[in-house]
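Here subunit A shows up in two complexes: once beside subunit B, once beside subunit C.
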Partner chain A sequence: MEQMQWFLMGVLFTLSVFALAWLSVKVRLQWYVWAGMITGVLLILFGIGWAGASFMEGISQSGSMGLIFFCGPGIVMIILLWRFLIAPEFEKQAK
Partner chain B sequence: MSPEENIEGFPWGRIVEAFAWASLVIAFVIGQIAAQTDYESLLIKQMPDVEFERSQVNRELPIVYNIKKDGKQLPEVVVMSEGTGYGGPIVLGIKAKRTDEGASLSEVILLSHKETPAFMDKINNKQFFRQFAGESVSNNFIVDDDIDAVSGATVSSKGFTTAVRKAVHLGAAKHLNLDATWQEPRWHFDVNEIILVSLFVLAFYSVYRKDKLAKYTRYAVMIGSLVFVGFYANLSINLGNIAGIFMGYVPTPQQHPLWWIMMAGALGSVLILGRNIYCHQICPFKVVQDLLQKLSGIKLRIKPEIQRKSRMLIFFLSWIALMLIFLSTHPALGSYEPFAMMFSLEGLGIQWYILPAALLGSLFVPSFWCRMFCPVGLYLNEMVRLRRSIRDRIFGKSKSTTVKVDLE
Partner chain C sequence: MTNESDKKKDDAVQTSSAPVEKSSIPGLSELLEDPSKRLFFKRVAVGGGTALLGGAASYGAGIHSLKGKVSEEYPQIDEKLFKPKDQRDVVLNFVSSKALNKKHPERNEQYNRLQKKEFNWVNGIKDMYSKPWDNSKPGYTQKDRALQKAGWEPLNLAGSRGSANLQPNTPFNTWDQSDVEKEQYQFESKKHASDAIKSAARVFGAVKCGIAKRDKRWDYDPLYDIENETELSWEKDFPFEPKTVIVLLASMDYDCIATAPAWTADGTAADGYSQMGVKATQMAKFLKGLGYHAVGAGNDLGSSVPYAIMAGLGEGARNGALISPGVGPRVRILKIYTDFDFVEYDSPHTWGITEFCLSCGKCAEACPSGAIPKMDSENGGYGFEPNYEFSDEPGYTWNNHIGIKKFYSDAKKCYNFWVENGGACSACIASCTFNEPDFWHHWFIMAINPVVPKFLHASMALSHPAFGYGHTNDPKRAIKFWKMGEGMRTNLGLKNNIGTSNKT
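And now, the complex of A and B:
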């Protein structure tokens, strides 16, 4: 089960790198946007890893808190960056 | 004719509905029969090394058991006591012995309870019952007077203390013929009760008025309910509360006045005004979801078909939860809502899986939990519909019949 978790984490990490690589091809962004996006992705991956390990160990409270306190801010960070910095940049560069 | 009847030509929907109701009634009856209190077996379970014999001298309430060890009668007796805690009925065994002044308590033993495990952990960790040892039966036994409540489990503390007080004072008066020198607890309207009543009043105002002030009032109620109803008092209504009412697990107004105000406000607004004020204005979890929704700005639409199916999912989940509650006669066991986890970080197994799903879901779908999973919201809205249809039958259909009751 532990090996499976590491495998899935690897898959998710690879997908995240692909997603960020796609973004870098599509739009030119400031360094701080990249820093925010990478932090957000890492927070989400860390939260998933934390929660997966906790749920497997049967400590559901820790897993839940991991998802809320790591994945939650990660998702919020990515959404806010997308709404206010990335999406406008897409529109600007499309023109 | 329902869709099921059209498709199959057979009223499957009605049969499933009838089965659900019948099974709930049966589970309720079985639970009530199985929950009959057998004092002696409860005592033996807690103290297996001694024998118990019901006192023939003290025939009046409270019930008293003599304790025997190796055939010899011990100086202590056990006075049985029943009361209501936060989750339901509690049974206590109060060990007492005669003294020159009358009698004193040696130990209070919790024999049976329906409290939420997280609250019981607090009670046990703080060794709440230890403070009763050595106290005279003539003491007041009033929380915040001569008894200290456990922070975060105040209602349970009050319930246990009330149960001890009633049994001990009754025994002191009837069995020991002592004069009532103790004080009775007084009911007082605290600042907490004023805040909750104010929240409901402001919520009513913001619903019925359309001016600018009503808009600001609505924001004030949102913040107030999040801070007070959510984080401070953790008063969210859950399925266990509603099931508890059916099982008669209702705290006294003295013990938990906020519960009465909350229920009167939530159910009263539905029954009297025909509006679901609780879900729209007071529920702190709704406020959390709205804030997350504002933050993300993403509003994924749920197809009406999925919305209809989610209704069936809520009915199914709440049926399972109610079956568990009625069979176990333990309201905390069936409540799957994540409110207590959100606001006081207390919960059991599956509830911890639900909380992140509900919060993350509400980032993308407005009122995700309310629409997809919340049984309280569904039942309150159903009550609004039922009230409206009854009113329409009696007074004829009014123009305002098609008022929205969904949570959008």
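And now, the complex of A and C:
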């Protein structure tokens, strides 16, 4: 199970790198947007790793807390950045 | 990341007439001819590579942190207060000796008067395991009692049960040196010798092993033979002059300890004591086989925690135990005294554990007997002398080894609770913030602990129970433990998956 978790995190990491690289090609963004996006991705990956290990060790409360306190802020950060700073850039470039 | 220069490069690629080298992979040449796709793959490579390098650097920093820093601060001794500890004045020794109880009735009387108890020291251990079980009370059922007794069985069979109560020279920890090989094995170097000892310790099932110089400050002096009620001398009675003390740690089961203070937890504690006996006798035999004198020891001969600290295995904690990175206080310490000194000695290390204890206090909150100094004690309970309740009463602190800077607890209260409870407690181990299973996220917290600002330690301690760890006195834990069964992790030892078992 633990090996499977690390494998899946590797897949997620690779997909994240591809997604960020795609974004960098498609749109021009300020440095703080990038900082936020990278932090968000790292928080999500950290949260998944934390939760996976916690569920495996049998402490599900720790797993849930990991998802709430690490993945949650990461997802919120990415959504807000996308909604208010990235999507408008796409629209601007489309015009 | 995306900026003007990238855009220019992009445009340059678009306008360039330079031919792109054809690839043998079908479709790849077309892909590389598209400038935006080339840029995309370049960024994947650079971004991914940078992230991997960052990850590798963080991993390296974590490993470095987990090795700890050499501590110049340990031990801090107040020479005016310090004197060697008489073995007779250790609680487990005292309560096991009828002669000592007869000699010091005032100790029992003072304790009962101050604590408003009617507690009988002498019958304590006998009473402890004679309490009737209650099959409707999780953690205190017949199977919990059976687990306790089974845990002790190897020591009982070997006639060495007394070693837990400081009885020296038991069959497991024999002083007999007649089986020492005549030819002494010569190691190439001190490092080879230390590595060989630690490799043997690993085979015997120790989770960690460290090597300390023999230090008379930590040895009980005089020693005491409880069975024969006689004083023993290091010079006259001990079979050789020890120069080295090898310290091994035997871990206890995480989920079993989590049931504390139920009898279930005492099952793994008892097993830990048996492991101490087995591993100590094995390591002593190994050294004898190499042609050197050796005597194993459990709680006897010397104080285990300072020896373990001197051997670089961990730090002293508020609960009076050793906290070792990776296993926390969930360990039993055993020692092997030997005259073999051609070894590389380990030295005390710090991981910021004692400092963390100053801001945590979870063990003191969980302690059902109130034996551990709480956060609101003078200096947080940390100093050269005990400052727990009634410690200013003359003679009350007879059991403490005074003059060493550490957390002093009232082991008399602790022992009293064991007897009332019907088994050793372990709540201070279960509740400890450093008591974690062997998974990466706990190693991560351990690695960042030394660089976390002090003011965050208290919130880290608070988040431990919030994340579901360290609860005690919870019958559900005993139910959970017994349901785990086969297929559940055993967690008997460290997986050592990031190479931090001891310093190797």
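Here is the rule we use: the second predicted complex is superposed on the first by the 95 of 95 C-alpha atoms of A that agree within 3 Å, B and C clash if a C-alpha of one lies under 4 Å from a C-alpha of the other, contacts with A are read in each partner's own complex, and residues count from 1 in each chain.
Methods note: a residue touches a chain if its C-beta (ideal position, glycine included) is under 8 Å from a C-beta of that chain, and two chains touch if they have at least 3 such contacts.
Predicted model only: the values in this text are computed from it and were never measured.
Undergrad: Please determine, from the superposition on subunit A, whether subunit B and subunit C clash or fit.
TA: Overlaying the two complexes on subunit A (C-alpha atoms) leaves subunit C and subunit B fitting together cleanly.
Undergrad: Just to be sure I read the superposition right, which of the two partners does A:Ser60 touch: subunit B = first, subunit C = second, or both, or neither?
TA: A:Ser60: touches subunit B and subunit C.
Undergrad: Which of the two partners, first being subunit B and second being subunit C, lies in contact with A:Leu85: first, second, both, or neither?
TA: neither
Undergrad: Here's one for you: vertex at subunit A, rays to subunit B and subunit C, all C-alpha centres; what's the angle to the nearest 10 degrees?
TA: Approximately 70 degrees at the subunit A centre.
Undergrad: On the A-aligned overlay, A:Leu12 touches which partner chain: subunit B = first, subunit C = second, or both, or neither?
TA: neither
Undergrad: Please work out whether A:Gly72 is in contact with subunit B alone, subunit C alone, both, or neither, and reply first, second, both or neither.
TA: In the superposition, A:Gly72 contacts subunit B only.
Undergrad: On the A-aligned overlay, A:Gly49 touches which partner chain: subunit B = first, subunit C = second, or both, or neither?
TA: It touches subunit C, and subunit B stays clear.
Undergrad: State whether A:Trp34 touches subunit B only (first), subunit C only (second), both chains, or neither.
TA: second
Undergrad: Among the partners subunit B and subunit C, which is in contact with a greater number of residues of subunit A?
TA: Residues of subunit A touched, subunit B against subunit C: more for C.
Undergrad: Minimum CA distance, subunit B versus subunit C, superposed model, integer angstrom?
TA: 5
Undergrad: Kindly list the residues of subunit A that each of subunit B and subunit C touches, one partner per complex.
TA: After superposing on chain A, subunit A residues 60-61, 65 contact both subunit B and subunit C.
Undergrad: Which positions of subunit B touch subunit A when the two form their complex?
TA: Subunit B residues touching subunit A: 295-298, 341, 345, 347, 349-350, 352-353, 355-356, 359-360, 363.
Undergrad: In the complex formed with subunit A, which residues of subunit C make contact?
TA: For this pair, the touching residues of subunit C are 1-3, 6-7, 36, 39-41, 43-44, 47-48, 51, 255, 437, 439-441, 466-469, 480, 484, 488-489.
Undergrad: Sort out for me which residues of subunit A touch subunit C in the complex.
TA: Going by the criterion above, the answer is residues 13-14, 17-18, 20-22, 24-25, 27-29, 34, 49-50, 53-54, 56-62, 65-66.
Undergrad: Contact residues on subunit A for subunit B in the complex?
TA: Of all residues in subunit A, those touching subunit B are 51, 55, 60-61, 63-65, 67-68, 71-72, 75-76, 79-80, 83.
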